[in-house]
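Dropping a structure here in structure tokens format, bear with me for questions.
We call the chains A, B, C and D, going by the order they appear; numbering starts again at 1 in every chain.
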Amino acid sequence: MRLYEYEAKALFRENGINIPESLLIDKNVQWDILKTHITYPAVVKAQILTGKRGKRGLIKIVSSKEETAQAINTLMDTRIDGMIIEKVLIERKENITEEYYLSITIDRMRHKPVIIISHRGGMDIEEVNKTFPADIYKYYKDVGEKLQPYEARKIASIVNTKRKSLLNLANIILTLYNKLFLKFDAKLVEINPLGRIENHWIALDGKIDIDEDGFIRHPELKEQGIQLRHEVGELNEREKKAKASGIPYVELDGNIGVFPGGAGFGIASIDLIAHYGGKAANFMDSGGAPTQERLKTMLGLLMDNPNVKVIFGARFGGISRCDDWAKAVCEYVLTNHPKKPMIMRMTGNMEEEGRKIFDEAKKQHPEYFKHIAVYSADKPIEEVIKEAVNKAKEV
Amino acid sequence: MRLYEYEAKALFRENGINIPESLLIDKNVQWDILKTHITYPAVVKAQILTGKRGKRGLIKIVSSKEETAQAINTLMDTRIDGMIIEKVLIERKENITEEYYLSITIDRMRHKPVIIISHRGGMDIEEVNKTFPADIYKYYKDVGEKLQPYEARKIASIVNTKRKSLLNLANIILTLYNKLFLKFDAKLVEINPLGRIENHWIALDGKIDIDEDGFIRHPELKEQGIQLRHEVGELNEREKKAKASGIPYVELDGNIGVFPGGAGFGIASIDLIAHYGGKAANFMDSGGAPTQERLKTMLGLLMDNPNVKVIFGARFGGISRCDDWAKAVCEYVLTNHPKKPMIMRMTGNMEEEGRKIFDEAKKQHPEYFKHIAVYSADKPIEEVIKEAVNKAKEV
Amino acid sequence: MAILVDENTKLLIQGITGKNASFHAKLMKQYGTKILAGVTPGKRGETIEDIPVFDTVFDAKANYPEINTTSIWVPPLFAKDAILEAIDANIKNIIVITERIPIHDMLYARKKAIEKGINVVGGNTPGIISPEKALVGMLPRKTFRKGHIGTVARSGAITYYLANTLNLAGYGESTSVGIGGDPILGMTFGDILKLFDEDPDTHAVIMAGEIGGVYEEMAKETIKNMKKPVLAFISGRYAPKGKRMGHAGAIVEGNLGTAQSKIDALREAGATILETFSEIPLRLKELNILP
Amino acid sequence: MAILVDENTKLLIQGITGKNASFHAKLMKQYGTKILAGVTPGKRGETIEDIPVFDTVFDAKANYPEINTTSIWVPPLFAKDAILEAIDANIKNIIVITERIPIHDMLYARKKAIEKGINVVGGNTPGIISPEKALVGMLPRKTFRKGHIGTVARSGAITYYLANTLNLAGYGESTSVGIGGDPILGMTFGDILKLFDEDPDTHAVIMAGEIGGVYEEMAKETIKNMKKPVLAFISGRYAPKGKRMGHAGAIVEGNLGTAQSKIDALREAGATILETFSEIPLRLKELNILP
């Protein structure tokens, strides 16, 4: 989960890394504050979890109260990549001597943290990586050990030829590694640009990406108002509902609703539907051993989506049992009497028990099960998908 | 530096380890407080940095306000091993099911921390170590790594056959290791007895010994009112003066004042004086590269001690230079005109410069240097010591 | 023969008193897997499906020194500790069912395992089955049939569909391995492929990967050096686009992680790329691999 | 030959811009020790006694790859980091002048050194001298004379008195090593004794220990296996009694640490116990060790 720039910078400041003087503005801003608190020229920056804000006009340089107000008005409530700008950060414009790049992330091939540093910081670091690869220095660190001060000095001295700022830069590297990256289960900590003003360093931007699975053990983040978040763009009603229930759910532009087991097969089934000439309406993940409540919510999302013409469902019982799945589907059907055709397949752990549940429900209310097929292991999964694709063409 | 029981217990409580309800009493106690705040029976414990308090009558069980007041009166201001009891701790007497022993220290042979635990806790753990060595379990831990929870569970499960209290005991071990021993540069953390009351554990005593050389990096200890201290018994005026100047100085019962270089030769010279039939009046350590102020204070201590008849001095210049030493001695002599004979030897780094300083001072004021001999490398050190021993017999 | 689990597997279950673990303990036992003991701290003396429960892995091993494999079912924030405990007790195969283990935890646990030469599979694996020999995890036992195709997949359900597809065409599996769906895994595709290449009972291997991560691309060199044919199924060509790890990710990993990068790498290594499950029998026959 | 430092020593000085370090840099240089570089972070480009100063040990080593020995003069709370830096830069001999290094720091640094096979001497050592070859540290150079007696002591002054006594009797030193006065040391008596035993220029060894710690007792097994005679001087028989590390100390170390326990252990190992400095020439002659 990425943090907003202002959240990342608050963590920097708390740990002794300089950031520019700033003011965070939301919709309830008292305009008077702009007059009294800001040193001009200043920079108005949209707080939004997207990259390349500079190139996209989401960062504006202002030199008066009027320009500031105008910049805020232009940015606030704007939609970008499906997200809405709800806050802007106003910062004093710093007179930077040089811009550096500094980040820490995990190299998933070497399975090690890596500290990346370059004296060619600024907006186009990926470009630098292509054109001046020798100017990007990578320091790999063994897992499970704190960075030692001498390592930070070594890294700092390699890029930094201005000797008086060496120790300050080394301290920033040390802090970033030990007090942020290691301490907060971060996947990424990045300062770009890291500005140098004579012998001082200042973080002009900040990106922190926390491992969602480790977030819960950092109550200090929650105390700072940082909430567990999943990165998503603007959500429609169904996506919001899914998010509220903790269900990964993304709508696509097809008409076949996918009601899969886990995420892996969910992704594969979208490919297979395409392979056989159809188009999936969504990605969805039940998670391991979903509750019946969750399964019913998932089905409801597809039924509520007007683009969905046919539902393709599959349960291969592993940790998620067929009987639980059958129970949830039957209860949904018996309660909601859905009209959309459901082409499904169920096999795996507790399949017989699941089969019995379907047979029982169908016997009691055959009228509600007319459009519902539940195949077993003897019908290959791709035959089931083909049938769903063909059914979607008919409807 | 050892912490008082009440200081150790405050650290325990802060880190979630149970301690008995208690009240710390000093000389300014309002006696009323004894009536309202204490649950009887209670235990009154002298706060003093010495062992075997139980056997020495420094812990008293009381069951009324009167008994409590009497116990406090008996203990307070008492001198034990040269220390004065200035505080007592009154604790609720707990009904313990079992007493365990738990400690962490450093094995200086293996160069590793070791966790020691036994279900036979209480006063006589050293006795247990001799009679039931199999009941004392030692767990060696690699340097530089935190204790993992599974290790704490392993240690707990080995001594603890009452399964319901396993996780509580493991948590205490984990806390003691990671949050006290490692975090505070401790040389020793000890709970004896660690009481079990059904499924709960409670620290009935607490010993923490902090490495003096690491103390400075723990401002949180200082914030709790814990001061850097050197363990010493009751001090006489000169010892107090030495302590205030940070000079290790202990008086012995001889008459030869020892004004040595470092601690190592200081100890050796006491042996050598004894070997040649004399008796040293003190142990003293100049430390590496002492200031002239420090050297003059050291000399002053010996001059002020009426038992000292002769001063034996030695400077072998290494990091501590002969010229600095000579300057300090000459200034002291020229200012204070001491009467006690000084039999000394000076050689090593900057010896020639030192020799010149002596010659110069002696030329100016030969009258003050009549009783002072400063030999060089050509006179063996033991000849110098013999001369001092003989001189002491004359005086 | 088979890989990782077989008739000589002597299993421990860490977190055995949990709901899923105790349910699947029963199923594994019914399948014939030899489960010697379980561990849940504080529950010493209890039994689950007649399996004795101990406080620690050390206790369990002291009582059953022949334990050579463990499966881990504890909650995610306790998984690192459970893996370290199994490593310290020198259990050679550690199969981690737990999902969503924090990345930093798993990096540490896998490093310690590699230092001691211990196999860690997962986290978030559905398990491993060597049909008619042993099942560790929660794979649906009836889906798998004994045979000579090795399979290795990130997704549980895809492991099942691969077996299902093979079995409908008369093939069977030597071993089916779920390597797990978590972002950082113990053994990766390359590690498992090497084991299959050395297993005389395995005639060909099917690997199933998906977008995200770099483990498919990392298998490239292994596949190049393999004696046995590899078929590869990569899903995610039509998936919604994932996010990247900022500039740092691009600097470290370049353009890896897309379905196309994986397909390109595997094809270049000599693997047969699969688009559907149903073509598997055809491709196997083209490679002269018969049931 | 000699041990640890000799004519091939190429020295680095960490913390060279400090008062003591720069003063003794001059003395060492005058003695003939080859000092190639110094390190003080943030002082790159300066020189001390014509010795170039670098920001990091890596810089120094990149410019002078022949550096094989370093001496550490930084403040105590920075000593661990300085030692780790030298270990990481693979400098084979690290001589730690700094005193009062926190115990936990030194335990960590010595562990890392041992893992990489690097010699750490100190902390709180006055240094090492191989007369007429090299001096590292702050020992008084004129006190030492070339010869065939190896000495190793905890205290600086005692190192000097040993040499002074030997020289007055016509003997000289192959190498004199101060192992340091801090409670936790890098190399201990046993480590140094082994080096002396293998050094053809050393004919006998004098070790000087004192009350406290266990390093004298730990040398017992080494002395038993040595080809060369060992003379041992233990001070502290009349010293004020020290404190113990609580019950835990007694459980771990028993009765070790007293002058008597040290003398007993060394005598049992076959060492000649010395009571005074002046008897050294007599004892050496009894052992047929001539100047």
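The working rule: contacts are C-beta pairs under 8 Å (C-beta built on N, C-alpha and C of every residue); 3 or more make two chains touch, one makes a residue touch a chain.
Keep in mind the model is a prediction, meaning the values are calculated, not measured.
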item: Given subunit B and subunit D, the chains that contact each of them; value: none
item: Required minimum of steps from subunit A to subunit D, each step between chains that touch; value: 1
item: Which of B-C and A-C has more C-beta contact pairs; value: A-C
item: Centre distance in Å when subunit A and subunit C are each reduced to the mean of their C-alpha atoms; value: 26
item: Interchain centroid distance [CA atoms averaged], subunit A/subunit B, Å; value: 56
item: Centroid distance [mean C-alpha coordinates] between subunit D and subunit C, Å; value: 54
item: Graph class of chain-chain contacts, one of line, ring, star, complete, other; value: ring
item: Contacting chain pairs - touch in the sense defined above; value: A-C, A-D, B-C, B-D
item: Of all residues in subunit D, those that touch subunit B in their complex; value: 20, 24, 27, 76-77, 97, 99-105, 107-108, 110-111, 124, 126-127, 137-143, 153-158, 160-161, 164-165, 168, 181, 183-184, 208, 210-211, 213-215, 218, 233, 235-240, 243, 245-253, 275-278
item: Partner subunit C, residues of subunit B touching it in the complex; value: 148-151, 153-154, 157, 163-164, 166-167, 170
item: Parts of subunit A lying in touch with subunit C, wherever the complex brings them together; value: 51, 101, 103-109, 111-114, 116, 125-126, 129, 136, 138, 142-144, 182, 185, 187-188, 190, 192, 207, 209, 211, 213-214, 216-217, 231, 250, 252, 260-265, 267-268, 270-275, 280, 283, 288-289, 314, 316-319, 347-349, 351, 377-378, 380-382
item: Subunit B-touching residues of subunit C, taken from the complex the two chains share; value: 41-45, 55-59, 78, 81-82, 84-85, 88
